[in-house]
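Below you will find the structure I want to go over with you.
Chain IDs A, B, C and D follow the sequence of writing; residue 1 opens each chain.
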Amino acid sequence: MKVEQQKDSKQKKIVQIEDLSVSFDGMEVVKHVNIEVNSGEIVGIVGESGSGKSITSLTLMGLLSKQAQVTSGKIIVDGEVLREADRPFDERLYRRFQGSRMSMIFQEPMTSLNPTKKAGVQVDEIVRLHTDLEKEKRYEKVLETFQAVGLKDAKKVYDSYPHQLSGGMRQRVMIAMAVILHPDLIIADEPTTALDVTIQTQIVELLKDINKSEQNAMLFITHDLNLARRICHKVVVMKDGVVVEADETEKIFMHPKEAYTRNLIEAVPSRLKPRISVKKESNTKVLTVKDLSVYYEDRTNSIFKKKEKQYAVEHVSFDVYEGESLGLVGESGCGKTSLSKAILGMQEHMSGEVSCHVSRPQMIFQDPYSSLNPSKTIGWLLMEPLRAAGILDKKCAMSKADRKAAAYDMLARVGMDEKYFHRLPSELSGGQRQRISIAQALITNPGFIIADEPVSALDVTIQAQIMELLQKLQEEMNLSYLFISHDINVVYHMCDRIMVMKDGRMIEIGETEDIFHDPKEAYTKSLLV
Amino acid sequence: MKFLIKKICTLIMTLFLVSVAAFLAFQVIPGDVVRSILGTEATPEREAQLREELGLDKPPVERYISWADDVLHGDFGVSYRYSKNMNEMMPVKELIGDKLPVTLYLAVLSFVMIVLVSIPLGVLWAKCGSRFLDAVFGVLTQVTMAVPSFFLGILVTYLCGIVLKWFVPGGYISYQENMTGFLAYLLFPAISIALPKIAMTARFLRNSMLTEMKLDYVRTAYSKGCSKNQVMFGHVLKNAMMPVITFLGMMIAEILAGSIVVEQVFALPGIGRLLISSVGTRDLPVVEILILYITFVVIFVYFIVDILYRVIDPRIRKSE
Amino acid sequence: DGTGESSEDTSSKEQNVQETEISEGPVYGGSVVVGIQQDIDSLDPHKATAAGTKEILFNVFEGLVKPDENGNLICAVASDYSISDDGLVYTFTLRDGVKFHNGNDVTCEDVKYSLERAAGLLDGTPLVATLQTIQSVDILDDKTVQVTVDTPNTELIYSFVTAIIPAGSGEDAEANPVGTGPFSFVSYTPQEGIVLAKNENYWQEGLPYLDEVDFKIVGSADTALLELQGGSIDIYAYLTDSQANELKDSFNVISSPSNVVQALFLNNDYEPLSDVKVRQAICYALDKDMVNEFVAGGNGTLISSAMLPTLKYYYEDLNDLYGTSANVEKAKELLTEAGYADGFDLAIAVPSVYEFHMQTAEVVVEQLKAVGINATIDAVEWNTWLEDVYTNREYQATISGITCSDLTPGYLLNRFQTDSKKNFVNFKSTEYDELWKATQATQDAAEKAADYKKLQTILADEAASAFIQVPANTTAFNKNLAGYKFYPIYVQDMSTVYFVK
Amino acid sequence: MENKKRKKWNGYLAAGLFMTGLAVFLGILGYFWTPYSTTAMSAAEKFTAPSMHHIFGTDNFGRDIFSRVMQGLGTTLVISTSVVLFSAVAGVLLGAFTGYFGGILDEILMRITDAVNGFPSILLTLVIISLLGKGRQNVIIALGIVFIPSFVRIVRGEFLRLRDADYIKRARLMGVGRLRILFIHILPNIFSVLLVSVMIGFNNAILAESGMSYLGIGVQAPDASLGMMLSDAQGYLQTAPWYALFPGLAIVWIVLGFSLLGEGIRKWDGSRAE
């Protein structure tokens, strides 16, 4: 997947960031950063969360919040010095560039559009601000651009409010907004993180096409190295506000100079690193699902009509064996969560048969931030499941001291220090929280665990740690997993077997290697891009 | 459609509950209208006669049903207590129709004041970057909010009425006589009602705007090259107004309640005072209709707020 | 006959007063706004019972006779009357030229109709309790009406102040009140007030002076004060002492005893209060001077029994009985004798609409504390008071006032008979009951006076309640108004009020 | 690390604590000691203007207004505290059950809440007071009832929100009992929301109590309450403006204090979240 470098003679320097430092309340978060972007070039900034990627790009765009200060360096765009360390922020100067000569695509397509204005109007605004075109002309221009970014029914999109559009459509609207005035520079700050794999690919291809046809400069920010590799000509690796390494993409990937870069590349779950199978040969089933359907009652209908059933899961059957990990993949909304809820008996309307052969299966949720009760200490959180189990089943009843000991023990097993026992969840990092979340699920020794996208919200590096932990514990405790993810690479890394779902139906199930190397369904193939 | 039906059902349900509650309350509280009218000096025969005239000799359930039946047919009954210039008791409709404009004008005037003052104030406050001004606004609104409306009424009476002689305390001018004089007089009671609410609303709007300004779409707007004013008025204000609209809706209910007290302070012949005095004289027909009316207005306002919300916020419009 | 003579007397006296005032230069015409406290309860003069209504309707309606400011009766629609020796037949001669506001002359038919209606002879519902005794009303000739009653009662004549209205107009009285008084009815707006206009045909020569009188309801005494100062009302009665002080300079402020007997009424059936010694102790404990000073600015008249000092049967000496300032020793001694050396709890119900009684209650509570009685105030709504205290008599003590709404002393005294419907204090004394009956039977004026004094003494001795004072009525009126007259009963007579140059 | 997590002291909190602290202190002190008797009357000292002897002046009975304001603060505080406690506890119970379980109970309760909300609150108190009679306890009960719906609403909303939180789903998976979920797992998390609404409730209770006293349906003389003093004083605005001024200012003081405290707590709590 090599990106051919545009060897264009007309290439000129669009962006020069020289020795830029930014600090908040005296704390430097961007330190002496140098980046250059030429026209027709896509430069990627990669690095773990909090490494200063967004701050750098926001500074470039002139959108830094008031608390931030530029302490050194300067920013030059198109030969004009926009920002200098000892010069106050010049709002007017920036406004000449913002929107017309440089524009930005933001990470969150859901919230980056004004929810109460029609999509078309919001795009129209940027044209209105920077050109003298008449209303009709502007309307046409917007429609054209919508079509150009792949929004087929442009007129309908024009009159839609953001909430009426899907995530991918919204991101396209954002892109339309960014490209409509053919700016010299487009900054894309993690434009696809919040999107589905399939849509992600489309958007990335779109950006690539735009770059090719418009020959503008593009700064592409991501924490996903694979993605950077697919799209960027050059890559800048950042860590803790410092540029660790910057070079042509392939050079970086093939011959990383720094250890950090190497780590980053290795942490990527790629199909180059398949799962080291821990599966013990066993035919004991821990879970049997037969002909399971889940539906929701459509609430939007009027009282006069009969309630309509909306099926989220239809006729799904499968088994999970002792000690195995079964992966479940599928695009957003295909019914993964509904299925897992049904298995755990948390679904109101369902038909079919679910029999679980271990007591009290547990679940690990996607979001580590919301799955721990924020008002309780870690110790309490770990002891509570034991207490509850003791009440339900007198045999499991433990004394308080025993519970405490078990909690400490579990804490150690998920690789956390004893000192965290008395902390609150808010005092932990995301990765640590997910560890506690796992610990809480495992402490009653459930045998079977459903993990609903347990790593999607986490950083690449932390992702790897957590997956490793899950595998380690699986081995130690002879656990079975139903592992849900939309990221097929993650599943590949984790699972013995994979099940693919689409629109509530199971379309394929099989051994990991089989699915990967010999997918039967077209849809599965599309996931493997 | 379903929304409308549901709202109307709720409304009817609530009005029914409220009317039953008021009726029941009047059955259990001591004192009755006959004694209230006749005082200590009446003959028992006269009491019995009056009781019969007013229909109070019938059992309560029957009375309630016939009252409800009348109301459903648009007949709001007559006051027990007030007689009219013709040979009959004062119809509740007319009685209330007489007092209603006073309260209505008062409420409208205060509401207009609240809206006209608080919204620019809130926007200005949200816009102002200076920490000093921010603190001044903050302290000022906190203090204003802490002043109960009757105390404010007393202060206004004392300051503007007695010391500065800007208006005649108690010198209420009927709206039939002189509309300008009437409005000028209402100005001061309206200020007493409005001032704390202006502070509250301005504060609320400002907070709402600040919250809104932290959202991603604001950054998007800036990235398009909008100036601060364009962002504030073109993007933020409308979205920030949404919670403010609910707030203003609640405010109308509060203004109605608040005017009961303020009418007392300024001796205004509005429905608030009529309500209090009618409870005092146990004039059930008047009280029932007044309570129904006020409840209706409150629910109706909430309803309007709901509708407005739907108009302004496309998200809600869609989801229903 | 005596009453007739005295009425002649006073009317001539009144004439004198008027003449002197006229020499100061009264001006005819003009209109005044009078602040009133309560809304009208009825425009039908026979049905109206509230004092606040009667005081206004006094200007619109007149009876065969009417009271004057000295507490005597003068002839009004009648020009003369006589009472038979057995007290059973009253003969009234109609005055010439008395016209209703609608322009019609007053005829015997009208008188007959009015009296029969009030007495309940028309439909069996008596509207004026005291007139129930009327057996028949007969027209002797076109100027003479004869009324026959079933029991003799020397005080019945006072009930003939009952309004004379046009025959058959009863049904219409609420809507279109027509009387013979100095002012005619113009309009009434609930909660705002009532407007009256000059009766050009009024039978008293030269009266009234004013063209229009507007009785305007003001919210409270506080707003009344503000309205007076603001000039939106011209006359206001029932001022508190401190208000009067404030108005002294800018207004004519005059006061005179009212017709209210204010007392700490004690429920004689309630456990500690059933003991006469306890009641007496309470009488001793009260410092009436102080009450008077605090709530009435010293303008009240202290009393010890249920009688107005303005009435001629008033027995003044009774104030020495318990003294007018507190006698804590004596009170404690009596309490000890009664077995309540440590005092007791007492809830005093007070109708909260009456600021005056509420304030009195505050002072009284403080005074009772000194003798160990732990009193608390229980402010009740007027309606609740009527029901719980007055009708059901479920209370311990109350501070309130009883009014004398006609000029008869019996009005105040008859309520203390054991089985009187109005005996809400549950006073029980056979001696009193018998004496009362005797008093009513006697036709002899001197004997009657003596008996009335005796009755007052019994009430005081037995401490039927702790009588406090007759508060003053304080009225403020515009400096350019004159001629305002006080009556011993609640009346706002506007006929003699005029503007001075 | 530890420093960063420490809650940040702020001006609102300081001012709020000072103002409410002083009011509470004076209120409590007023129960045991006041400079002058709150009831002893003296004709000689009627309406003396504020001076060294009577810093707030005296009233129509010659009573020291400062002493009465102290006592009034006490009354007002006791009433508003009880009202808020009463309504908050009832509101939490009702809101928790209806919010968490929903269903028909919820539907009924919400209709009643709607009705109570629509009903003018002053009237509701009027009716309740007419039913129960006047006096301190009844004022508390009346206001308590009137205030319940607002708490129910807030608590219900929070329970409704948290009912579907991941960590509550988890607790259910673990087999934790319902009551324990309600009151051990959920309740502590709505504490800060509750605290702020308690502060607001406090203010409304103070205002409502004074409003009731002002209309003559509040606590009874000779118990001093700020609203009652204000209503008594209205008649003497010209003779003795200070009589109205000081009780009024006392109300403003204490309400302002609680507002600042509420604001302060919100900020304080907010700084933890960061």
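Here is the rule we go by: a residue touches a chain if its C-beta (ideal position, glycine included) is under 8 Å from a C-beta of that chain, and two chains touch if they have at least 3 such contacts.
Just so it is clear, the structure is predicted and the values come from calculations on it, not from any experiment.
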Name whichever of C-D and A-B has more C-beta pairs touching across its two chains. A-B
Determine the centre-to-centre distance between subunit A and subunit B, using the mean Cα coordinates as centres, and give it in whole Å. 50
Averaged over CA atoms, how far is the centre of subunit C from the centre of subunit D? Could you give it in whole Å? 46
Take the average of all CA coordinates in subunit B, do the same for subunit D, and state the distance between these two points in whole angstrom. 23
Using Cα averages as centroids, what's the distance between subunit A and subunit C in whole Å? 89
Show the residues in subunit C shared as contacts by 2 or more other chains, in ascending order. 220, 381, 384
Can you list every residue of subunit A that touches 2 or more other chains, as numbers and ranges? none
Subunit D residues counted as touching two or more neighbouring chains: 130, 234, 237-238
Throw together a list of every chain pair that touches. A-B, A-D, B-C, B-D, C-D
Can you list the subunit A residues touching subunit B in their complex? 61-63, 91, 95-100, 103-104, 106, 108, 111-117, 125-126, 129-130, 161, 163-164, 174, 177, 300, 302-303
Subunit B contacts subunit A in the complex at 1-2, 5, 215-217, 219-228, 230, 234-235, 238-239, 312-315, 318, 320
Touching residues of subunit D toward subunit A in the complex: what are they? 5, 165-177, 180, 185, 188-189, 191, 272-273
State the interface residues of subunit D toward subunit B in the complex, per the touch definition above. 111-112, 114-115, 117-123, 126-127, 130-131, 203, 207, 210-211, 214-215, 227, 230, 233-234, 237-238, 241, 244, 248, 251-253, 255-256, 259-260, 263
Contact residues on subunit A for subunit D in the complex? 344, 346, 360-363, 365, 367, 370-376, 384-385, 388-389, 391-392, 426-427, 440-441, 444
